[in-house]
Amino acid sequence: MSTGSNYGKSFTISTWGESHGEAVGVVIDGCPAGLDLSSEDVQIELNKRKPGKSIFSTPRKEDDKAHIISGVFEGKTTGTPISIIVYNNNQKSKDYSEIATYYRPGHADLTYDMKYGFRDYRGGGRSSGRETIGRVAGGAIAKKILSEINIKLTTYARTIGNISIDDNNFNENEIWNNDLCLPDKNRVEKVEKHLLDLIKNGNSCGGIIECKINNIPSGLGEPVFDRLDAELAKSVMSIGSIKGVEIGNGFTAASLTGLENNDFYNYSDDRLIKETNNAGGILGGISDGSQVILRAAVKPTPSIKSTQRTVNKDKNNIDINIKGRHDPIIVPRAVIVVESMVAITLVDMLFRNMNSKMDNIKKLYLD
Amino acid sequence: MSTGSNYGKSFTISTWGESHGEAVGVVIDGCPAGLDLSSEDVQIELNKRKPGKSIFSTPRKEDDKAHIISGVFEGKTTGTPISIIVYNNNQKSKDYSEIATYYRPGHADLTYDMKYGFRDYRGGGRSSGRETIGRVAGGAIAKKILSEINIKLTTYARTIGNISIDDNNFNENEIWNNDLCLPDKNRVEKVEKHLLDLIKNGNSCGGIIECKINNIPSGLGEPVFDRLDAELAKSVMSIGSIKGVEIGNGFTAASLTGLENNDFYNYSDDRLIKETNNAGGILGGISDGSQVILRAAVKPTPSIKSTQRTVNKDKNNIDINIKGRHDPIIVPRAVIVVESMVAITLVDMLFRNMNSKMDNIKKLYLD
Amino acid sequence: MSTGSNYGKSFTISTWGESHGEAVGVVIDGCPAGLDLSSEDVQIELNKRKPGKSIFSTPRKEDDKAHIISGVFEGKTTGTPISIIVYNNNQKSKDYSEIATYYRPGHADLTYDMKYGFRDYRGGGRSSGRETIGRVAGGAIAKKILSEINIKLTTYARTIGNISIDDNNFNENEIWNNDLCLPDKNRVEKVEKHLLDLIKNGNSCGGIIECKINNIPSGLGEPVFDRLDAELAKSVMSIGSIKGVEIGNGFTAASLTGLENNDFYNYSDDRLIKETNNAGGILGGISDGSQVILRAAVKPTPSIKSTQRTVNKDKNNIDINIKGRHDPIIVPRAVIVVESMVAITLVDMLFRNMNSKMDNIKKLYLD
Amino acid sequence: MSTGSNYGKSFTISTWGESHGEAVGVVIDGCPAGLDLSSEDVQIELNKRKPGKSIFSTPRKEDDKAHIISGVFEGKTTGTPISIIVYNNNQKSKDYSEIATYYRPGHADLTYDMKYGFRDYRGGGRSSGRETIGRVAGGAIAKKILSEINIKLTTYARTIGNISIDDNNFNENEIWNNDLCLPDKNRVEKVEKHLLDLIKNGNSCGGIIECKINNIPSGLGEPVFDRLDAELAKSVMSIGSIKGVEIGNGFTAASLTGLENNDFYNYSDDRLIKETNNAGGILGGISDGSQVILRAAVKPTPSIKSTQRTVNKDKNNIDINIKGRHDPIIVPRAVIVVESMVAITLVDMLFRNMNSKMDNIKKLYLD
């Protein structure tokens, strides 16, 4: 069953398209009727993953224009599938004859060949970062749904290279004010300098993306396998370059004691609150209504100018220097992708939770 | 859609049962016909998660006896669903009237109430660790399938408290020779001492489980969402107490450069090899045939004797001391659960990969 | 993907078990919390498919006792999987050595061998009618959910042999008053006589089952593939012995004109009504709130005493006379199975429809 | 879960698009790598459902040109999703202001309003026959896969109005030689005359489509719910206008005796054969390798010129005469749609059957 390009159960996205094909796109199914939606809503999100916005990302000019071609009528969703297409205008010209002959380290060139017998080698084909366009378009719609019930996501670069933000300087409004998605403006200059050094040396670095979900309803997540944390782990780990996912204290919890890690409860002014949120808002796989916190580890950009050892089609060991200008860091462009996958997962879990109680069934069908 | 108790697409397990109901169990669907299978095959694995094997785990005597009651005929699987049941013999007596009145910190008591309006409070009900019996039984069958094509899993405690194994002393044969699933016998005494101290203080600790998959075929994992790493992340994160999952270098990759993290290729004696395996055997979500490495962060046992602050049904803030003897560490009993989920995921991905090429279709239907 | 023993998306049943194994059973997942449920609720439905209730059905004494062993706490469903088991008490003794050597015409003996390489030949194994016990148990729960929102199913034998009921004599209360599930008591004697003749001649007959759904909410059914009629067609056709399914006018519609078949609308006392219901309550795959009507064609019982030609293991052409007493008609016992599958499908579609409008999402999450 | 626009498990199609949107399309996921595929392969099939080919179908000129925009590289499928788009060139101009104000009898106007609160009224929106373009495009690919292992489908009009073909004159080569898809050329003139009469009277008629599958492998179909016949019933019933589906003898089996309906076996020249094929090639939901036969009842075209009674937005009872020229019969254009859905289902079941035996797993992974 090679059908891995579909995500979700009650709210689903199906992405398609290769880096250098005619277009990439996504079909969103399960969007309720009556949501206000325009191409601009999608465009705003797509622009957040646009390359070329700074010296730190690839200067290829991509004109990622979103076209909604179904599922919307007179400005509102109709309840039927929403098809969104983005044409690959700037992808045609490049020469990929060299890349076709060898396997780039850290890329999926080898594994696609192994699985399918051959590959579309132009720009990575299906394994290209352009595949995430469909995710971000789907995320745009998911976030519109979430905003209707006041759920809010905040996603940003926590660490780039080995430079982390200072939580005391955290300012949500800064995230999209700099090209690095850093919520701490005091770190911007330092990180920029680090990246310029990496570029100079033909190298790259990794980092950590953090996502916070505020005002999430309690009760989201299905026991036993489709827990909210498990679903988030899958959806975020499905993004290329992500090598780890953690919730709340995550790997740090492994080094704490129970007394340190348990979140105590108390009633304060008749409201049940937790003294801490080490669990990251999820217990037994189900949201407790407090903030959900997720972190994802992003590997360094594999395309680097430095000399690398690899093999070619003729089974020779060769040295390569990958041409072109590449982002020395994936994190800033991946921030919106992580946020999109989290949003899509949340909508799916919201819808899946609707029949958890008989009272809900009666509320919708007896009133 | 509260249907979260089913895992897998081509090879599925559906678990059911509460800690203090009559039984717990699992239905495995998608097991091919013609596999040798007996209850003993399942029992061997269930015994690995048995409590009471040492002073470090709960002394409740559980008699977890596996009964295969369908899907096997004359010692072989028939291709139809395999139902396995384990009766809850020792669960009836205890008094849960107190636990019913308050929310235990770090447990799912609160969230089940939030989601469903009430809960089966006896021993955690569905959120109890006993739910993993079905996973381990399913894993036993998955591992039998994997062994038929020589795939081998090795899973163990990498870190307990803050004590990690020394990879130089790694000995696979030690894993099931000590009650802590430590592959480094030099660490056993030190960890035991640490756990005894925790018990004395009414506290607990977390740790890290590591799983290695050897001899995995290349090509497993479906782009784009159902990647091998994404599926593993979900299946492992779906285990209670797991707060983070990483593949290969994982979170460490976030602090490396591209030059450090990329795995270079070369041909050695006509065999394509990688100089390193920082990617943990997966590129673009697809296995490359080298060892897959996964780590999971386990939180400290939430049930501790130390005084904790919480709230009760009458909305009072209270102090509690959880009675009974509890494991000061979840890791050793969770090792076989992690291995089971990895095995189940692998079989699912093996089956899903079978139609990746037209050649495979022809091989099975034209010969 | 041999995983065909699971049905439903938002409300699912997973059946397991062979005719002559230790037990048969079902796991129901997706049942909302807070529904009153006892084993007796299930038993009442199981008794409707019980054999041995008359001379017309097999005299094997089956003691089909339902045990609910998970998912219910203090008389209410908890939202977690409901596991129901029925032990096969009376199945052990019989000698199946002969049946193992040849293929019974009209049974699945041959195809199971073809698919799996061998088969559990005892009483048909998985392809036995006993497999429907799980469906009926699942249907019992589905019907309880439906009754909470006043949806009502009426299912009965429309035709047995070539004798059909007279709609003018239709009396719903008669259905379970006779062993043939005939809603027309004037036909009972005539059908009984016909069946006695068939028994005498070692033969059997087929028939037609009809199901009506009253008080169904409008809007059920998902375009385009998961239409209500398509889902019903699948769930009913999945019952052994069913060879055809139709909705509303069904095959008769094929011989009508548009003017005859279209249902005209009008407002009567401010209520939108249809002058006729040829469509059987479904347009574009979506319920319109009027009565849904479905009919299923049931083939004649394949196990007959008359001499039949078949082949044995040694590849000889042989004549057989199937021993034992068998129902000369499947219809009466299949009535409750059809009703169960329709009920399960309806609950699934009810739950799947809950997020069709943004207003519903807001109603459940903003109030 | 309003996600009904996706069909299949191991080979899936996701259709999208409205009659009068910018385009309609389909994403096919699960197509193996290495299949030769061009837009022309799809175009040939799309042309079979093209309107305007005779006086009997709507004269709207539709320019249904297939564009494959992903999943194919250098003439071969790559194993990744195949996106096919067909622009709605001729749909823009018409005035739908009137149709927006009332409910057309026999159409989905009312039920879409009921489900979603409003509808895209232009040409039926999502419930338009144009939705089947995606199915036919998916079917084109499915049929290419089937032909690689020599499976062949033959689909045609069996009955139009009340005129049926004479099986003695059956000639497969005639099917696409006349505009009515009749395999019996002696019936063409008679049917044409009947249709002209209907047009004259502003009326329409229904009919029956028959599909035969030759050279199907044995073993296809998963017990218990995902039987081959159940899956076919769903996929065919999901086509608009289909009101009934039957396999083999179908509804006729209901009126036969066991002795008449059972298919006897014998060995002839060492080959196992059946004396008859009343079961239509499926026993216990699994193919036995003989011809599979399916029939579908098609309702008469609901759009007719004759005066019909309905209601309008202002809740008035009104008389309407639907404008424009409409097909007096749906059958000929639906033939290729039925064939497509059968082909898609078959490929899905072929792939799902691949792991039915351990031997198959070993064959693919150990060789």
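Worth pointing out:
Read from first to last, the chains carry the letters A, B, C and D; within each, the first residue is number 1.
Assume a contact is a pair of C-beta atoms (placed from the backbone, for glycine too) under 8 Å apart; a residue touches a chain by one contact, two chains touch by 3 or more.
Please read all numbers here as calculations on a predicted model, not as lab measurements.
Chain centres computed from CA atoms place C at the largest separation from subunit A.
With B-D and A-D as the two chain pairs, more C-beta contacts join A-D.
In terms of their C-alpha centroids, the spacing between subunit B and subunit D amounts to 45 Å.
Centroids of subunit A and subunit B (each the mean of its C-alpha atoms) stand 26 Å apart.
Once the centre of each chain is set as its mean CA position, subunit A and subunit D turn out to be 38 Å apart. Each of the following residues of subunit D touches two or more other chains: 1-6, 9-11, 15, 30, 32-34, 79-80, 115-117, 126, 223, 351-352, 354-357, 359. Every residue of subunit A that touches subunit B in the complex is listed here, in rising order: 1-7, 9-10, 15, 103, 105-108, 110-112, 114-117, 126-127, 131, 159, 161-162, 198, 203-208, 218-219, 221-227, 229-238, 240, 243-267, 270, 272, 275, 279-280, 282-289, 297-304, 306, 308-311, 315-317, 351-357, 359.
Put simply, subunit B touches subunit D in their complex at residues 1, 9-11, 30, 32-35, 77, 79-80, 145, 148-150, 217, 223, 350-352, 354-366.
Put simply, subunit D touches subunit A in their complex at residues 1-6, 8-12, 14-18, 21-25, 27, 29-34, 67, 69-71, 73, 76, 78-83, 85, 115-120, 125-126, 351-352.
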